[in-house]
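Two complexes are shown next, each including subunit A; its partner changes from subunit B in the first to subunit C in the second.
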Partner chain A sequence: MLAYIVRRLLIAVPTILLLIVASFFLMHFAPGGPFTSERPLPPAVLANIEARYGLDQPLWKQLWDYLYNIVVHFDFGPSFKFKDRDVNDIIAQGFPISLTYGSLSFLVATTVGVALGIAAAIKHNSWIDYLAVGLGIAAQALPNFIMGPILILTFTLWLGWLPGGGWNGGQWPYLIMPVIALATSYMGSIARITRSSMLEVLNSNFIRTARAKGLPTRTVIWRHALKPTLLPVVSYLGPVFVYVLTGSVFVDIYFSTGGLGQAYVGSALSRDYAVLLGVTILYGVLTVLVNLLTDLAYAWFDPKIRY
Partner chain B sequence: MNKYIRTSLAGLLTSTMIASAAFAAGTHPTTGEALADDQTFTYRILDEHSSVDPQVVEDVSGAEIVRDLFEGLMNQDEDGNLVPGVATGYTTNDSKDVYTFTLRDDAKWSNGDPVTASDFVFAWKRAVDPALSSPYAWFMELMSIDNASEIIAGDKSVDDLGVKAIDDHTLEVTLSAPLPYFPQMTTHSTTFPAPQKVVEEFGDAWTKPENIVSNGAYVLTEHLPQERSVRERNENYWDNDNTIIEKVVALVINDENVALTRYLAGELDRTEVPAGQFPRLQKEHPEEAISFPRLCNYYYTFNLSDGGPEAFKDPNVRQALSLAVDRKIITENIMAGGQPQAYTFAPAATAGFDVPDVEMAAMSQAERDELAKELLAAAGYGPDNPLSFEMVYNTSEAHKKVAVALSQMWKQKLGVNAELANMEWKIFLEERGNQNFDMARGAWCGDYNEASTFLDLLQSDSGYNDGKYNNARVDELLSEAKTSDDAAPLYTEVERIIAQETPVIPIYHYAGVYMMDSDVGNWPVKNVEQNWYSKNLYKTAE
Partner chain C sequence: MSLFSVKNLSVQFNTADGVVEAVKGISFDINPGECLGIVGESGSGKSQTFMAAMGLLPPAGQATGSAMLNGQEILNLPVNKLNQIRGDDVGMIFQDPLTALTPHLRIGQQMREVLQVHEGLQGSAARARCLEWLDRVRIPEAKRRLDQYPHELSGGMRQRVMIAMSMLCNPKLLIADEPTTALDVTVQADILDLMVRLQKDEGTAIALITHDMGVVARMCDRVQVMRLGQFVEAGETREIFRAPKHDYTKTLLAAMPRIDAGDAPKALEKVDEPLLKVDDVKVHFPIHVSGGLFGHKVPLKAVDGVSFDIRKGETLGVVGESGCGKSTLARAVLQLIEPSAGNVSWLGHPIVGLRRAELNKYRKDLQIVFQDPLASLDPRMTISASIAEPLKTYRPDLTERERKKLVAEMMERVGLKANMINRYPHELSGGQNQRVGIARAMINKPKLIICDEAVSALDVSIQAQIVELLRELQQEFGLSMIFISHDLSVVRAVSNRIMVLYLGRIVELGDGEVICSDPIHPYTKSLISAVPIPDPDVERSRTRLKLPGELPSPMDPKAALRFLPSRLAAGENDYVPLLSEVKPNHFVAEHDPLEAIMAKA
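Now for the complex of A and B:
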């Protein structure tokens, strides 16, 4: 197991390196630069700026310096757009916010989704099943960019219950709408996966055996059926966690949360190279780690799997 | 305002409200209106500002904040006129190339230090210093300050800049060329003073709320990037007694429709009206939907460079296309926010600019269409030989609507095939800057309130002249205007030439179209540059 983890982490290093190099060149090959503006800078001014940020160096040298600073100083470079902050600052300030929205959405989507799915499977073909399936499909059909406007119009403009955006120190009224917007469609998917998986498990031989032994339904479900049911769900949860984190880009922008999403999209549009790369690396590393955790979780859910 | 926000604001405001009890309970000293207890002004900004460092800031929302935090030599009043700031006045020599400003002796930094002439010298040298490499260093060149260009190019030391402190309260500026409107330019944020000690102590981080020291009516107290920036009264500001607004909150809201919703829910005092929604909002909220002229233009430029389309080398073709544009439809049906139709490049609202009697403006649209057909036929284009070209604009719903309308007008009236192409902003700028287009959208907001800020774009060697229009007479008039005491007739003549030769198609001039809470007093609707100062605003009791 430990050897497996070490091996996976070692593979992650070249993966991330490849991500950095590919992103670096793609970014530099995109037309326009950080200082392309409607008011083109006089050549002397532009030369001063480029010299200050090392943009006058050949690309390979820039890439080398960038990697060197990350490895040696853990410095992800300056922001070209926000002069008083560097990438480390921007991530340190925005990521905890995105992580809060992402984790809460993940929790909501998982608990509500799994509960709905199980309820639907147990009461197969009853009104509970139809309601749960209906809700699940409706939720899945509502991506966050549809949920956002619906929620804001309802709860901010019409009912006046919730603030229409902002972070404000993370007070709970500011968290509700973004979390619902982000969680809804994943909740729908999780509910559907859980339901079909549970139905399949409930029809399998070992459940029939358990029932034949005269075990109460509760024990059959919780002790025997739940773990195998969750296996396909878990394999979906890994990507979902990454999705809610990156999916929070829309929520960050739409609800003005101050999270990383705005900085990410903004940096792409303004060619703020270091910020764009920094956030890409962050999401890349998270993806690798979450995938590893998912694989490790398999072993717990399915004793047949050994690393 | 919903209750959650109200609760949190109440908590935050308790301390400041005690301090301002004198005003809060009272009435406005000149108008006599009853003032609200809560003097907080909350407004929306589209995007996170670049910086609040006066020498570095390059965007409008950042400059708005800097104008509250710092005070330059001169300010603007509600009408855009020059009024004293840190300087009480100035004198100039006969040749208008040396300006001497007298600084008030009660101006203080927020840490209590006096504001002196050397703070300005430090700031101005900083602005041109290659070590800072400010993207707005060019503004110092535009101001014609002696040696600015040489210092930026690295050929001279910053100490050679034509600015010196004669004593603590006298600042002398030497220009490389006479500039009659130099004092107007000192209202621009690049020229605001900077606190040397603080800048040297904290480096780039000196503008963070915990470090910043400023000399304006407000100090920065909170900043969560991409979310909010808060500024509160500076008790050391020399005119603090006449300041009414206690606290100003700028909220970053990227989506203009969300901003409008939040405004309607009472979370904001001011927001922009999305294109096309003004008529409805005006009907529903007549007291709050406001529109006033601004100092910006919207145009399409022809590519007149050697690589540009042959057809556009013929002024008849260009004029025909301009004539066939029904500006009334674009301003009234598409933008619908009170934007004036444009027949000149510089907006009529520009100070000291006499709008020439452009022939086209006096014609009816039917007459224009008729003439357009004749001109295009004379140029050899018609049903057998239709004119075709590509028009590019940067991706945006509003730009798309205008572009579609233009191409339809040309198609229906003249049988011209204009193909639309939209591009992401940076790519658009790159392509336009390299003359890789037939016809391209353009827009310009004045850097200062004088017609040259617009017309200089059409000077042949201007870095902003993306259409590469080249007319020796225009160049001559514009360079003459730089030093002339009365430039208005020169600008009028330039506009006449532009109307004849049509290197650009002016479409409309911008309007400031806002939803503004009716309890906000003294918003400077007549200041066409929209240089607003929170210290001049107030909120009346509802």
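Now for the complex of A and C:
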């Protein structure tokens, strides 16, 4: 197990390196640059600015310097758009926000989704099942950029219960709507996967054995059926976790939460090379780690899987 | 008074196509301590009868009538009442031991919860009772098993665990639903022996649901023959076998191949130029094992140096237990898997390592029929399209009309009706699909067909029809066959010669009748003696040769020398037993005397 974790982390190093190199070149090959604008700068000024940020160097030299600074100084460079702020600052400011409402959304989506799915499967073809399936499909059809405006309309403009945006250090009135907006559609998918997985498990031979042994229904469900049911859910949860942790540009825009999602999309549009690369690396590292966690979780759910 | 009494029981299923009546008002009794056999083919309703009585029907099923246990009505009881009976008064074991245990719970956990629920027994007392029962079902190293997960045990061991688990509370009735159908023949014999002993020692009544008349002959006091949801015949086992009254029972008995029938096909004349020559073929799969930072690979020797040849018009039977390399050998012969070493030649031309285009020329003459008829056909192609596909490859000159005519002829030849041409595989029965598989293999008039467990998934009566069809086709087209099966009785019925495989190597090869009636190698002897014979008098008077230990894993380096303990003792772990011709045309692998092997236990 330990050898497996070490091996996976070792493989992660070239993976992340490849990600950096590929993103670096893709970014530079995209037309335009951080300092192109509708009103062109005088060539002498442009050359000065580019020299300041090292953009006049050959690409391989820029890449080398970038990697060198990361490895030696853990410095992801200055932002090209925001003067006096570097990438480390921007991530340090935005990521905790995204992490907070993202992990809360993940918790809500998983618990409510799994609970709905299990209830539907146990009461298969009853009104509970139909209600859960209906809710699941409705939730799945409501991506966060639809949920955002609906929530603000309802709770801020009509009912006046919740503030329409802002972060305020993550106080709970400011958290509720971003969390719900982000969680809803994932919750729908999780409910549907859990339901169909549980139905399949309840039909399997070992559940028949458990019933034939005279075990009470709740033991059959919780002790025998739950773990195998969650196995396919876990493989869906891995990617969702990364996506949700890094926040969402729509949530950041609708609720002015100031998370990393907005910074990421903004940096791509304005060719803020350093910010874009920095956040991409963060996403990459998170993906690698969460994939490892998912694979380790499999071993807990299924004893056949051993590393 | 009878222990279990069923009166006028009916089971209905509400399906999308309307109400299906699976069991149509049947009545029977089971007396304390007796073994009642319920015999019938798939879909006869024999399992559903007991599922209904135990409240284990799927939600769409409904049961009416009466089922009394010890004078108490149990049919359609609420679940909490039924739970006091299930696992306590009535134990159940099922067909597929590989999927019958919960995969993420340890054996001990699964056994203890039965005692917890029914007797409130916990802790060391419960553990002691579990250990006692694991010992009684003869599980080696019982203590260690308690902490193992189901996947760490072989199929036979898992079935023993199931039996131990269902016997924990000393039930009065044990319902065994096809308990040995998925098991190898020697394992089947062990499990049946075990059940006979439990019946005697504990006085447990057994309801044995099976399709296998051989198992009935060995086990049952009385038999109920079931067909289409009704009983067609009932009586004492000996009576039923001696003088079956109903036509269906007669058909069922006639369809069962017997290993002691003595009418195996005769050996063919030896010829100089065999059709197919297989020379020292090996197939090794690299298996990843953990250890060190990156682990390492060891070869799994699925086929380890097999040589044989096949003459024109001959059938070679290949038998052996699961994991012996039968199917891998078939695929290696056809170059569906590239052999790791060795040679295969077809009419003198080597076909190993050929490029695909060249190999395809030979494939026209070399065809295969697989085990699972439904899964081996493309579900999105009509059966006529599947049958016609080889024609498109090998006879591109044919017009559409000519091709259709050939397909129609072949369908008629294998017994498929002309109006089925546009059907899809899921619309046909298993037997019909296997006819499609045979038609597809036969359409280009090949010279050799490999039947890889081609009849194993079929009901006995269908199995008999398919075997008959293969025989006729062989006569008609003079084709050769390699007939692979774990069922020795079927193999004997069709094969001129039989080859016995053990862990990737030949242990015995000879004429079919000789192998079955006068085997020499201890492994062959134990296999033959474990095959149940559908005749109660013969079956119950036979003695079984039981080799010590379970069928070992192919990954065990010492397993290959199980029959040469003297070489193992001498430390020669890599020794390869020699295959020598002890009598004309009868090859036997080197082995120690039987007494030496038995003494190892």
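Heads up, the rule we're going with is that the second predicted complex is superposed on the first by the 305 of 307 C-alpha atoms of A that agree within 3 Å, B and C clash if a C-alpha of one lies under 4 Å from a C-alpha of the other, contacts with A are read in each partner's own complex, and residues count from 1 in each chain.
Note that a residue touches a chain if its C-beta (ideal position, glycine included) is under 8 Å from a C-beta of that chain, and two chains touch if they have at least 3 such contacts.
Worth saying up front: this structure is predicted, and the values here are computed from it rather than measured.
Engineer: Based on the superposition on subunit A, does the combination of subunit B and subunit C result in a clash or a fit?
Structural biologist: They fit side by side.
Engineer: Now for A:205: first (subunit B), second (subunit C), both, or neither, which partner does it touch?
Structural biologist: second
Engineer: Between subunit B and subunit C, whom does A:301 touch in the aligned arrangement: first, second, both, or neither?
Structural biologist: second
Engineer: In the overlaid three-chain picture, which partner chain does A:45 touch, first (subunit B) or second (subunit C), both, or neither?
Structural biologist: Only subunit B is touched by A:45; subunit C is not.
Engineer: Answer with first, second, both or neither: which of subunit B and subunit C does A:31 touch in the superposed model?
Structural biologist: A:31: touches subunit B, not subunit C.
Engineer: With the two structures laid over each other on chain A, which partner does A:227 touch: subunit B (first), subunit C (second), both, or neither?
Structural biologist: Touch status of A:227: second partner only.
Engineer: In the overlay, answer first, second, both or neither for which of subunit B and subunit C A:131 touches.
Structural biologist: Touch partners of A:131: none, neither subunit B nor subunit C.
Engineer: In this superposed model, does subunit C or subunit B come into contact with more residues of subunit A?
Structural biologist: The partner that reaches more residues of subunit A in the superposed model: B.
Engineer: Per the contact definition in the header, classify A:214: touching subunit B only (first), subunit C only (second), both, or neither.
Structural biologist: second
Engineer: State the minimum pairwise Cα distance, in Å, between subunit B and subunit C in the overlaid complexes.
Structural biologist: Taking the overlay as described at the top, subunit B lies 45 Å from subunit C at its nearest C-alpha.
Engineer: Mind listing the subunit C positions that touch subunit A in their complex?
Structural biologist: 54, 56, 58-59, 79-80, 82-88, 91-92, 94, 96, 99-105, 113-114, 117-118, 149, 151, 162, 165-166, 290, 292-294
Engineer: Hey, which residues of subunit B end up touching subunit A in the complex?
Structural biologist: Within the complex, subunit B touches subunit A at residues 2, 4-5, 8, 47-48, 50-53, 56, 58, 130-131, 133-135, 137-138, 141, 149, 152-154, 204-208, 224-228, 251-255, 257-258, 261-262, 264-267, 424-427, 429-431, 433, 444, 463-464.
Engineer: Which part of subunit A faces subunit B closely enough to touch in the complex?
Structural biologist: Of all residues in subunit A, those touching subunit B are 30-33, 35-42, 44-45, 48-49, 51-52, 81-85, 90, 93-94, 149, 152-153, 156-157, 160-168, 171, 173-174, 252-259, 262-263, 266, 269-271.
Engineer: Which residues of subunit A touch subunit C in their complex?
Structural biologist: Touch residues, subunit A against subunit C: 3, 6-7, 124-125, 203-206, 208-217, 219, 223-224, 227-228, 301-304, 306-307.
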